[in-house]
Every structure is written in C-alpha cells, then in structure tokens.
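Just dropping this structure here.
Chain IDs A, B and C follow the sequence of writing; residue 1 opens each chain.
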Amino acid sequence: MNLDPVAIVLQTLLMLLLAPLLSGCIKNWKARLQNRRGPRPWQVYYDIAKFLRKDMVISEHASWVFAFAPHVVFLTALTAGLMVPMLHTPAPLSLFGGVLAVVGLLALGRFFLALGGLDPASAFGGMGSSREMTISAIAEPALMLAIFAVAITARSTDLSQIAQSTQGATWKLLNPAHVLAFAALFIVLLAETGRIPVDNPATHLELTMIHEAMLLEYSGRYLALMEWGASIKQLVLMTLLVNVFFPVGLAGPQASAGALGLSLLAYLAKLLALSAAVVVVETTNAKLRLFRVPDLLSASFVLATLALLSTFLFH
Amino acid sequence: MNPPAATEIGSQIITLMAALMLVVQLLMIGQRMLLTSIRLFAIQSLLLAAIAAVVAYYHDASHVYVVAVLTIVGKVIFLPWLLNRLVHRIQIHQEIEPLLNAPTSMLICGGLTLLGYVVARPFTSLERLGNNTLAIALTLLLTGFFLMINRRKALTQVLALLTVENGVMLAAVALTTYGMPLVVELGIFFDVLVAVMVLGILVYRIRENFASMDTSKLNQLRG
Amino acid sequence: MLLLTPILIVPVLAGLLCLLVPSRRVMAAMGVLAFSATLGLGIALVYQVLARGVVTEWNGFLSADALSAWMVLLISVVSLASAIYAVGYLRRDLADGAVTERRFREFYVLTPLFGASMFLVVLANNLGVMWAAVEATALSSVLLVALYNRRHSLEAAWKYVILGSLGLALALMGTVFVYAAACKNNPQSLPSFNWSYLMSVADQLDPNLLKLAFVFAFVGYGTKAGLAPMHTWLPDAHSEAPSPTSAMLSGVSLKIALYALLRFHILATACLGTAFSQHLLLSFGLLSMCVATPFILVQTNMKRLFAYHSLEHIGIMCVGFGLAAPLTIFAAVLHIGYHALVKATIFFAAGNIHQKYHSLELPSLAGLLKTMPASSILLALAVIGIAGLPPFGIFLTEFSIVAGGIGAGHLLVSVLFVAALVTVFSGLLSHIAHLLLGTAEKEPGGPGTPRSGVVAMALLIAVLTVFSVWLPVPLLELLRQAAGIIGGRQ
C-alpha cells in the first residue's frame, strides 16, 4: 500500500487539467489534417464550464442510477489514473492488485456508463449500451492479456514495478512481446476511447454512434462529469501505453523538482506523439461497420495472445 | 548498465523484425482488399530484406547484402508492381467471403503459431542471431498454407504462396551461418520471379475463360 | 572434353532459337535435332561414367554419376520420341484449330526448356540448384499443360502449379535444413552445398535435423513425383496436356522428382543409419498403389486412366527402393526406364486416337483395330508391356521386386503389391480388349494418323523390346552402379 497525499493531490490536479486539453488537441489536429481550422485546443475547458453552469433536464423514467452513474464514471477514472505512474514511480496510490485494479476500475466505470444509458428507457441509449458491451467483451480480454504479457516479463503486476523494470534497459524495448503487446493495446485504446475505426466520436447518427448514444440523455452537470470522466479515462489509457512501454524520463521515487519537471516535459512529449498517431489512424481509416468490429478486435486479441506466448518462448 | 554486446542488439533487432513479419502475416489473414494484401506482402518482404542486411552487417558477410538487395528489388518492388498491374487488368479488387470468417481464422492462426513454436523448440540452439526465428518461419509456412485453403480468389492464393516462400527464406537466414550460397539464392530468386509471372499469366487466362478469379469454380475435373 | 555443359546448353539454345525462327518446319526440326544431340552426348556420357566413376565439370558444380547418366539417357530418349511425335501431332492440331500460331510457337519454345531443366536436375551437384531446376521443370511445363486454353486445361494447370509450388516450398525447407545441418557441422566457414560433399560428411551431420529435412523433402518432392496423398494434381495435368507433353510428364518428369527424392534418401540413410527413409518410401509407395487401383478401374477417360497408372508405377518404384534389397533396387532402377518407354508410347497412341475420334471416352471407342491398325497394334503391345506380361521388361522388374520383398521377409507388402498389380492388370486388359476388338459404333472420318505419330511409337516399342530381352553389358554395368549408389555402396 502506498498513499502519498501530496502526490495524490498533484496527480489528480494534473489529470483534471490535462485530460480535456488532450481531447481538444486531438480534435484540433484531426481538423487540421482534414484541411479545416478546427476548434481551439482549450475549447473543451469552456465546454465543460458551460455544461457545469447549465440546468439539467432529466427523464421522468430515470432512477437513482441515472444520477449515480456520472459520479461513478468520473471517480473510477480518477482513481484508476492515480494508480498509474505519470510523472514518477511509484504511482501515488497503490492498492492491492496493481494493474488488475486499474482494469477493474475502468470496467466498473464502463458498467455504470452502460447502465446510465439504459436507465432513461430511451431507444438510443439502450442501443449504445448493448454495442458498447459487445465491443468491450472482446476488448477487455485483449487488454488483460497484453498487460499480463508485459507483467510476466517484469515479474509483477504492480504498474510502478513494470515501469521501473523496463526503465534501465532501453534496448529491451525491442522485445517482441512488448511490440506485440503495444500493437494489441493500441487497438484496444481505439476501442475503449471510441475512436475511428471503432466508433465515431463526432457523430450523432443512429446507425453509427456508440459512446455518444449512451450520453444522449445527459445534460448539464452530469454531462460535464461524463465528458470529463471519458477524457480522463482516455488520458489514463494513453498514460498506460506510454509509461509502461516507453518509460523514458520517468522520475524515480525521491525525485527533485527538476527531475519532476523534466519528467513532465517527457510525459507531455510522449502523450503528444501518441495522440498524433491516434489522429493519423483516425484520419486515414473509415469507421468499420459494427459487425466488422469484432474482426479488428479479434486481431488485437490474437496479437495479445502472441505477446503472452512470446514471453514464454522467447528466452 | 553495461551496453549490450553488438550481437545482442543485432539479435534483438532480428527477433523484433521477425515478430513484425508475423504481425503482417496475421493482418493479411484478415484482409479483404487485394491491393492492401499486396502492400502487406511488400512490407513483409522489406522486413525480410532488413533481417538479411542485419545478418550481413553483424557477420561481415557481404554476399548476404546481395541477397538483401535482391529481395528488395524482386519482392518489394517488382513483384508487387506486377501483381498490382494484374489486379488492375483484371478489375477485381476485393476478396469474396472466405471459408472461415476473420475471427475464427485469427484464432486458428494463433493455434498454428503455437504449433510452429512447439515444432521448432528442439532446434533453438542452432540459431546464431535472433531467438525463435525458426518458429516464426514455420508459422509463416503454416499460416500461408491456411491462407491458401481459406481463400478462393486466385490472386490471394498466389500471395499465400509467396508468404510461404518468405517463411522458407526466413528459416534459411535463421538457421544457416550466413544464409545459403549465393548461387542458390540467385536460383531461388529467379524461380520465384518466373513463378509469379507464370502464375500471373494463368490468372489472367482463368479470368478470361471463367469471367472470375474464384477458384472454387475450378472443380470440373474430378474422380 | 566437355560433356555435361553441352547437354544443358543444346536444348536451351534450341528453345530460345524457336522464339525467333519463323518457319514451323524449322521449329519442329530443331526439337528433334536438339534431343538427338543430347542422346548422342548421353551415350558418350555413359561410357565416360563407366570409365571414370564420376564425371564432373565446373569445379564440381555439374556432376554425373551412374544414376545421373541413366536418367540423362532416359530423358533424351523420351524427349526425342516426343519431339518426333510432336511433328505430326501439332501440325494436325494447328490445322484443326485446337492451337493457335502463338501457342504452337509456345510449345516449341517451352518443350526444349523443359527438357533442359530436367537435365539440370540430374546433373546438378548442388542441392539448392537441384531444387531450382525442379522448380524450373514445373514452371516450364505449366504453360504446356494450359496450351489448349480450355476451361479444363486451365483448371488442371492451376492445380498443377499451385500444388507443385507448395510442394516445392516444402522441399526448399527440407533443403535449407540439410544445409543448416552442414553449417552446424562446420561452423567456421561456408560449407559446400554439393551432394558429394554432404555424402562425405554424412555421419557427422545432426540426425534430428536430417530427419526433419527428409520429411519436408519427402512431402515436397513427393508432391512433384505424384506420391499419394499429394497426387491430386496428377490425373488432371497429365490428361489435359497435349500428348507429347503428357508423355514427357508421365514418362520422365515424375522420375526426375523421384530422383531428387532419392538423393535425399541416400543422404538420410547414410546419416541416420536406420531404415527411417526406407519405411517412408515403402509405406507411401504402397499407399500410392492402393489409391491408384480403384481409380484405374472406374476411369472412362483414356489419358486420365493412364495418368493414374503412372501413379501406380511410381508407387511400384518407391516400394522397390523402400524394400532396400539389392535385387529390388536394381529392379526399380530398371523399371524407371521401361516404364518411361511404355508410358510415352501409350500417350502417343492416346493422342492419335483423340485426333481421329475427337474423344477419349473409352466406352464410346471400339474396334480400333480396323480403323487405326498401326497405332492399335503398337498400343496393344504397349499395354501388354505395361500390364506386366512377358517378354516385356516390366514383368521382370515387378517379379524381381516381389521376389526381393518375399526374400527380405516383407510378406504383407508383397501380397498387397501383387494384389494391386493383378487388379490393375485385369482392368487394363479388359479395357484394351474392348477398345481394340469391339464393334465400332461410329465411323470416325477424318484423315489418317500422321506418319510421325506411328514412327515415334514404333521406335519406343522397338527399343523396349530389344532391351527387354537383351541388356548390353555397359548398360547393365551402369544400372548396377546406379543401384549401388542408391543402396549405399559407392
């Protein structure tokens, strides 16, 4: 167990501030790649502030789940984020279970998101929830297998340990297990954050929306929490990808302010690079039809399985 | 930490590229567009040429550079160009529904990968650079066979044959000291080239005669 | 004096020149001349090999021992007969419109190249070059199989090329493993890939690698040789090709693949010291015979029937090699020759029948004795020969294999062998009787058989008859040496 109050507060603030900016950057770059000007990267801050100010309209068929879900989504994303090393190892919050706890928390958030979509008894919401569950049914095992592959190489499921073990030996990044796990996790990232080719984050057409469908009934404060929670979840997954696979610049346990500053710069650079990759993938691909999404995710699953096999067989 | 020995880095790079070749093969299994499959084959051959170049660099064997260059000229540039031209002449760009759908194919290929690893286990001591590249070579062989059975378009079967060939060349690089003698490599290279040209001619004639590349229509001669 | 190089170069030149030559007569003549030249060179080679043991050129790159020399002789004889036969056959096909001008030229360019690649297989010392040459035989014959450009021809050619290439990819894997074993033995420098070198270090090579290599090579070259269960391309390809090509395919190209397999078999036996490879040859040989027999009995298409029959005989040869007694090996080597001669004759007859009747369906053909006397008599002789009746040589070789099998204690094998042979024998004879002696249902019409068609058949039957009853001493010695090489005594 590791509870460092200062680090917890700092990391929470970092997540709260950075997550919307990341979403905004991705939107802006996607627009520029498509030869449009696009919204300002910090537009998302204004959007969240706007939602927080507005009044809520709640369906009369909604129950307590409707009110409960946005809070769960927001808090689980934050908690999971606290368990992932962002600027320094070890992560501020280290509960039992390590990476399993992170995955479990994110799954809990997704569960309540789906329930929240079902609760107001709207057709769009139910449709979005069922699609989301279909996708996560295949994406979750892939996520877990890929993480386990990396965990086996590092001999621990504690994310801080995993990040530390790959830190010294940078050429070990060429390990095929890591490459395969990274490829699998990248596809899972696209699926979990609702990006093309799995889901279009900008659409509101019935045939094509998944994540947006579940949010359709939300407004005001709850919508702000949902959106913020979703962007924090995106940040957490991206952090997982960059810091576990490329822990370059990650500061040690007793790091000075200078080292932390350097670590922050490195972290931002890596995040921006990963976002650029996501933007390129989103722009160059078309959204898959829903019944083709399992094809893509099964590819991710097989890659994750191969990554796991490689850890046993590449010695 | 001490910097690794040169051969260890070389080993890592080769293992990495062999793993990428496997990834490309899996992508090809799930791919439906013919032109993309051809591009994937070109990428796989490029990785093979890179592996040959790394082997040549670390063993100071200049004749293996020739092999790398031949692979690039033949399999990365010429053959994909030839196959692209064939696709455009035939005007068929998409594969039809395979026998087994993509997720099932993927799972079967995962199983075949495991089989390849198991068969190659007793021979891992032979490899000079890179770990388990023989396993990947055998996997390419097995998945190439599977691809040939699963798909019906004649052109995809040609591509499957070429990936099997890539697997054999990877085994050659993995197991032998510096790859095979140059005369043998040249012979194999020209054979593959001529084979694809002959296959191209046949595919074109089949298209003309049957008005389709669907090889399941080639089922008249029986018994 | 260079012998081996001209054997390779002459057919290649003949093929390439046919690209340029405008006249059809010259093209046809060139094929005949090229193979006559190789026949002469082959005979000279036999004497050289008997005198010196092994003939090598280009620093061991090309090498001919007794087995190679025997194969060179066979390839030359069958190719020459094919070339003679093709003169009239293709001219008739061109007149009928079955081939276009362009395909006509294609035939005369590809056939000598086909022959040249077969020569390279038997003369190459380097195992990798041998593989490349087998692939070259496959590629040069694919377009020949597809010559008529009908649906069935294309289907047969497609199966042929895909299965053949797959098999050869596996054989290449086996070749790579053999080289890996050589490298493991000699880690410092680049070891030679020559078969003669590998034989000299055979006992030092890693047995596990060799076993794996042999299995891959067996499946791979076995596909090209037409061993069951990898034989599915064989009936299609051999029946859809034009008859001269069918003769070359069934007569020699199967044996070439078997030759490549034998080189691996000798190496494996020398290295492993056990009967591993022999057992494989024996079992798959028997399997081929058992698979072929029912298909032969139910076939109605004449060429397809005899294509399955080739499968049977490849099985016979493999059983002979697999029993590994000196008598059976000698018989199998001799059988290669006799079978090549007879099978070619039969395919020539089938070609003549097809050109006259435009059909190869046995139930509808009858009474050929009256309408095509020369062809049908020669066909009858050939079928009697191939079914295993004395005085033709095949009787002797099959009997020797059975005797050798019983002598070596493999009773079950011999019983199965004889059972298969007897079944096929009865099937063949009943087919032939109906074909020749039945009452003709319809008059064929059309011009008579071209003279060259009959000449080629007569030539082969004459050679067969002569050599069935009298094996000249040099030939006998050559065969004995070849059998010795396979049996493991250099």
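Rule of thumb we're sticking to: contacts are C-beta pairs under 8 Å (C-beta built on N, C-alpha and C of every residue); 3 or more make two chains touch, one makes a residue touch a chain.
Keep in mind that this is a model prediction, so the values were computed, not measured.
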Topology of the chain contact graph, where touching chains are joined (line, ring, star, complete, other): line
Chains most often in contact, by C-beta pairs: B-C
Chain whose Cα centroid lies nearest the overall Cα centroid: B
Centre distance in Å when subunit A and subunit C are each reduced to the mean of their C-alpha atoms: 65
Subunit B-subunit C separation of Cα centroids, rounded to whole Å: 31
Centre distance in Å when subunit A and subunit B are each reduced to the mean of their C-alpha atoms: 35
Residues of subunit B that touch subunit C when the two form their complex: 122-123, 126, 141, 145, 148, 154, 157, 161, 164-165, 168, 171-172, 175-178, 180-181, 183-184, 187-188, 190-191, 194-195, 198-199, 201-202, 205-206, 209-210, 215, 218-221, 223
Complex contacts: residues of subunit B adjacent to subunit A: 1, 4, 8-9, 12-13, 15-16, 18-20, 22-23, 26-27, 30, 101-103, 106-107, 109-110, 113-114, 117, 131-132, 135
Residue ranges of subunit A in contact with subunit B within the complex: 168-169, 171-172, 174-176, 179-180, 183, 294-295, 298-299, 301-303, 305-306, 309-310, 313-315
Residues of subunit C touching subunit B in the complex: 126, 128-129, 131-132, 135-136, 139, 142-143, 146, 149-152, 154-159, 161-162, 165-166, 169-170, 172-173, 176-177, 179-180, 183-184, 187, 190, 192-193, 208-209, 212, 235-236, 240, 295, 298-299
